[in-house]
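Two complexes are shown next, each including subunit A; its partner changes from subunit B in the first to subunit C in the second.
Presenting the complex of A and B:
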C-alpha cells in the first residue's frame, strides 16, 4: 500500500514519429520552418471526399518502439475516430486508436543499481497530429487575439502515444522516465525526441495518495517543454495539492497548464467542459492486420537497447558507470566508441578520449557526432599509438587537433607536424639502433655478459630506441632487431 | 437508330470506327439537354464547353489512330458529390455551393481516361440524404415520366438524365438505395456494386461504410462496359478491394440461365407493396424461369425486422462525423460571426438543410456516451447478423429477386412532411448496403399510368456477373428501357 500523501504520477507521452511522410498521406513531415500550409494535400486538409491510407513505415517504427518496451504487439488492431470541433483539426475528428491499440503492456527500466525500477507501460497507440493555431495577440494567446491563423503543415504528422501506468513516485523519476524514453526513441531512430521542438510532448497525471491509501483526485498537467520544466511542474503541483489537503480543501479534477515563466500551474479558467468524443470505429480504414513475420522482421533489425549497451560497457570493458552513461546517451556516440574499439583501440582509452577530446570538439562546434569529421577508423590508430608509447598524449592532442581541423588521417597529420612519416623499419630502424647501441655501449656489454637476467637493460634500450625513433617504430620489430644486434 | 437511344457501347464503337465524332455525340446530347432540361431540372452544373473541348481531344486521338478508350466520346452525367478538379461540386448543399475541389475523384479520372466525356453534374438530395431529390438545396428534379412525381433519390438527377437521353451513362452513389431507387423510379438500370469494388476516393462521404459509386444505363451491356472501367483497385482508398476483377463483358451473351438458383425472400413477399410492383415481380420471375432459372424461398427474418432501424442508426452516426468538417474555417460556406462557437453555429445552421440536420442530430445522439451501447453498438451487432443471414441464404441460391421499392414514384411533396414514410421506402434497398452486397435495379415495365416499375436483383459479394447475366435475360424479353419524352 502506498503511504498517505505520497505522489502518484502517470505520464502520457506523444512522440512524433520521424517518417518522411505523414500518417495517412504522402505529405512531408518536415514542417518546422516551412511556409504555413505548404505541406498539405486533400487528405491531411480533410477535403471532402478524401480518404486516409496508412503509412506502413509508421507502423514499422511504432512496432520497433513497442518491442523495445517489451510490449505485446496486437496482430489485428484498428483505428477509431475521436470527434471534436477545433479549427486545427481539419476533419473535426482525429484518427486515433481506442479499444485495440497497436501494443499493450511492457515496461521502461529507469535508474541504476539499487534505484533501478521498471515503470510499467499501459499502451502504445498511433494517431495523427493536429495543425497549429497562431493567435494574433502579442502574448500569443487566444484570449486577447483579434484573429487567429491556422497552419495545417503539422496536421496528420504521425504520433505514438505512450501511456505509463501511474507508478512513478517522484518528479525525479518522472524526469528519468522521460529522459530514458527519449534516449530510446533516438536509439531506435524513430523520433528526434526533441521536447523544445514539440516532437516529444509530456502530459502528466498527478495525485496524492489519500489517508486511506487510495488514489486521490488526479490532475492533468500540460505544456511542459523540457525535462527541467517537467520536474519543476511536478514539484509545484505536488506541493499545491499537499497544501490544499493540509488546509482541508479538496483537489479539483482538472487540466492545468504549466507556466514556465512564473513557475506555477494554472487551471483552465471557467467551467471544465466534459468532453464526449463519440469514439467509433474509423470506417475508412480496414483493421490493421500485421502480416506474418512483420513483427519478427522488426525485431531482427532492432539495435541494442541503450540500457543493455550501458551494462555491457561496464561489464565487458570495465568502464565506470558514469563513462558508460555518457557514451550511451546518444546512439551515434555509442556507435562511435564501439567502432573505435573494433578498430583496435583500448575501450578505456577510447572512452577517455571521446569524453574529453571528441565531446569538447562537438561542443565547440555545436555539432552532433554524425557530423564529426574524424571517423572512428581514423581516431583508432591514434589511440593505439598512445597505448604503444609511440606517441605522447600531448603530441597526440596536437595530431588530433590537426586531424579535426584539416580532416586528415593520423598518419597524414603526423607527417604535417613534422614527425617522421611512416614507420621506421628495416635499414632506417637498424641505423637508429646502431646509433643507440653506440651511445649505450655499457648497457650492451652488461647484457652480452649475462648481467641482465630480468631484461631491465634490454627494456631500457628499447625505450631509448623508441625515443630516438620519435615513437614511429613497431615495438615488436624493435625488440626483434635489437636481439639480432645483441646476438641473444 | 436515334442517337439518343444508342447505348454507350454502340456510341464508342461508332466513334472508334469514325462513323461519328465525339463532338457530334456531345452536340447531340447538349441539344437534347437544352430541349428537355427546362422541364426536368436534372443538372446542377452543365459542363458543355469543357465537354466540347474534351470531345475534340478524343477526336484528335482517333484521327491520329490512337486508342481513344472503351468509352470513347460517350457522353456521361456525374452526380454532384463526385469531385472534379476546379469545378463546382456542391453535393446539393448550400454548404458547398461554391466549393471547387482541388482534385478529381478516382472514378471521374477512370471515366475520363477511358474516353468518356462528362457533360454535367447532376442534382441530388443534399449530401445524398433523401429518396426524392427534393432535399436538394437548389431545386427539385422532376420525374421524366410524370413531372408531378419525384425521380427518386438521392441520385435523382443522374437517373433522370439517363431516362431523358442526356447521356447513355451516369454515375451516382448508393448508401441505402440512392442508385437503385431512382433507377426504378426513372425506368433505367442502376447498379450498386459490392462494397470495395469501386473506389470511393473523391466521393464526398455520407456514410463511409455503406457508400458505393455505381452506374446508371439503358442497357445491360453498358453496365458491364462501365464496370470494366470503374471497378479498379485504388491505392487511394483503403477500403477498395485488391482482388482481381473479372472482365464483366464475359458474363453477357449467355444462351440461357440453366442452373441459376434464384431466391425470393418470404418476408419481403409478405411486405405490403403496390399491386403493379407485385405484377412486375411475377413478370420477371416468369422470364427468368423461362430462361432456365430455378426458384426457391429464403428467409431473412432479422433483415426485415432490424434492417431499417439498423441503417438509420449506422448511416447517421457516420454522417454526423463525416459532416463535422463543414465548419466554415477552411472551405465552403462561412458565415460572418463574433467568435468560433458562433461561426460553427451560424455556418452549420445556415449551410445544412432540415434532413441533413435531422441525421446529424440522430447520429450524434446514437454515438453519445450513455447511448452508444444502446444504439450504435446494437446496430453494429444487427448489421453483422444481417450479413450472416444473407451469407447463409447465398449458400442455397445464387441471386435474390426482390422489389426495388414498395411503391411507384410518389408525388412531389407527398412525403416531405413525413420522414419516416420516406425512410420506409428504403426497406428493400438498404439491407443490401448493410451486407455490402451488389444490387441491380432493372426496369420491368410500366404501370397503366405510364410510370416505370423497378425490380431488384441482389447477389452475394462480388456476384455482379450473375446479376448482369440475369438482367440481360430479362432485357432480351422486355427490351431495353425507353427514353422518356420518346427520344427526340
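Presenting the complex of A and C:
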C-alpha cells in the first residue's frame, strides 16, 4: 500500500512520428518554419468527400516502438473519432484510437542497480495532430485577442500516444522515464524526440495518496517543454496539492498549465463538462489489420535497445556506468564508440577520448556526431598509438585538433605537424634502448634464458622503449634493434 | 432511448452552439426522431454480422510514405469565411489558459 501523501504520477506522451507525409494524406510533415497553410489538402482540411488512407510507415514505426516496450500488438485494431469543436481541428473531430489501441501492456525500464524499476505501459495508440492557432493580440495573449489565425500545416501529422500506468513515484523518476523513452525513440529512428520543437510532448497526471491509502484526486499538467520543466512542474504541483490537503481543502480535478517563467501551474477555467468527446468508430477507415508476418518482420529489424547496449558497455568493456550512460545517450554516439573499438581502439581509451575530446568539439561546433569530420576509422589509429606509447596524450591532442580542423587521418596530421622529423632512429634510438635495458635488466635476463616463450617480456620492453622515446620511434625498428641487442 | 432537455443543452454546448429556450424543444424532437429511427434498426437480426466494418480484410490497404504537395491551396484559402494572408481567421476563442 502506498504511504498517505505519497505522489502518484502517470504520464501521457505524444511522440511525433518521423515520417515524410502525414498520417492520413500525402501532405508534408515538415511544418516548422514553413509558410502557413502550404502543407494542406482536402483530407487534412476536412473537406467533405475526402477520405483518409493510413500511412504504412507510421504503422511500422509504431509497431517497432510497441515491440521495444514489450507491448502486445493487436492484430486488428481500429480508429475512432474524438469529437470536439475547436478551430485547430477543421473536421471537428480528431481521428484517434479508443477501445482497440494499436498496442497494450509492456514496460519501460528506468534507473540502475538498486534503483532499477520497470514502469508499466498502459497503451500505445495512433492519432493525428491538430493545427496551430496564432493569436492576434499585440501582447500575444489569447484573452486579449480580437480573433485567432489558424495554420493547418501541423494538422494530420502522425502522433503516437504512449500512456504509462500511474506507477511513477517521484518527479525525478518521471524525468528519467521521459529521458529513457526519448532515447528509445531516437534509437528506433521513429522520432527525433525533440521536446523543445514539440516532437515529444508530456502531459502528467498527478495525485497524492489519501490518508486511507487510496488514490487522491488527480490533476493533469500540460505545457512542459523540457525535462527540467517537467521535474519542476511536478515538484510544484505535488507541493501545491500537499498544501491544500494540509489546510483541509480539497484538490479539484482539473487541467493545469505549467508556466515556466513564473515556476507555477495555473488552472484553466474550461468546464470539465467539455471533456465529453462522444467517441464513435471512424466510418471512413477500415479496421487496421496487420498483414501476416508484419510484426515478426518489424521485430527482426529492431536495433539493440539502448539500456541493453549500456549494460553491455559496462560488462563487456568494463566502462563505468556513467561513461556507458553518456556514450549510449544518442544512437550515433554509441555507434561511433563501437566503430572505434571495432577498428582496434581500447574501449576505455575510446570512451575517455570521446567523452572529453570528441564531445568537446561537438559542443563547440554545435553539431551532432553525424556531422563530425573525423570518422571512427581515423580516430582509432590515433588511440592505438597512445596505448602503444607511440604518442603522448599531449601530442595526440595536437594531432587530433589538426585532424578535426583539416579533415586529416592520424598519419597525415602527424606528418604535417612534423612529428616524423623528430623520430628517433639509429644512434639515438640505440642509446634509448641501452638505457631501458639497463633499467630492466631482470627482464633481459629472463628473455635470454628462454623464460619468455610468449614474448610478453619482449613486448614489455618494446613498450618501455616507446615510452622513453616519447612515441617518436618506429615500432618495427624498435623491435628489430631490440632483437639485435638481445641477440635473439 | 430518448434525450431530455438537459442532454440537448449539453450537446449544444459540446457543439459550441447557442441554443435558445425556444429552440431547445424542437431540437429535442428532431434528435429523438433520429434516435427512434436507430431504435428501429436495432430490431434487425444481425446475429451473424460482424459489428466491425471490414474486419474480413487480410490486411488494410495503406499508403507509401511519400510527400507531395496539393495544388489547390489558394482555392482553399480563398473559400474561407475570413482569410488573413496565409491564414484562416477565426473568431476569438473563449476557452483555454488565458481566458
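The definition used in the following text is that the second predicted complex is superposed on the first by the 416 of 488 C-alpha atoms of A that agree within 3 Å, B and C clash if a C-alpha of one lies under 4 Å from a C-alpha of the other, contacts with A are read in each partner's own complex, and residues count from 1 in each chain.
Heads up, the rule we're going with is that a contact is a pair of C-beta atoms (placed from the backbone, for glycine too) under 8 Å apart; a residue touches a chain by one contact, two chains touch by 3 or more.
Note that the structure is a prediction, hence the values are computed from the model and not measured.
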Chain touching more of subunit A, residue-wise (subunit B, subunit C): C
Contacts of A:291 with subunit B and subunit C, given as first, second, both or neither: second
Contacts of A:155 with subunit B and subunit C, given as first, second, both or neither: neither
First (subunit B), second (subunit C), both or neither touched by A:38: second
Subunit B versus subunit C as contact partner of A:56, first or second or both or neither: second
Which of subunit B and subunit C A:331 touches, first, second, both or neither: neither
Touched partner set for A:101, first subunit B, second subunit C, both or neither: neither
First, second, both or neither for A:276, with subunit B first and subunit C second: both
Which superposed partner A:268 touches (first subunit B, second subunit C, both, neither): second
Subunit B versus subunit C as contact partner of A:81, first or second or both or neither: first
Those residues of subunit A which subunit B touches in one complex and subunit C touches in the other: 42, 45, 47, 53-54, 83, 85, 87, 150, 276, 278, 283, 286
Subunit C-touching residues of subunit A, taken from the complex the two chains share: 19-21, 26-30, 35-42, 45, 47, 53-59, 76, 78, 83-87, 133-134, 141-152, 223, 257, 266, 268-271, 273-274, 276, 278, 281, 283, 286-292, 294
In the complex with subunit A, residue positions of subunit C that touch it: 10, 13-16, 52-55, 57-70, 72-73, 76-77, 82, 84-93, 95-99
Complex interface listing, subunit A residues touching subunit B: 42, 45-54, 81, 83, 85, 87, 90-93, 150, 276, 278-280, 283-286
In the complex with subunit A, residue positions of subunit B that touch it: 81-83, 89, 91, 96, 99, 101-103, 105, 200-205, 207-209, 235-239, 317-318, 320-321, 324-325, 327, 329-331, 340, 344, 364, 367-369, 372, 376
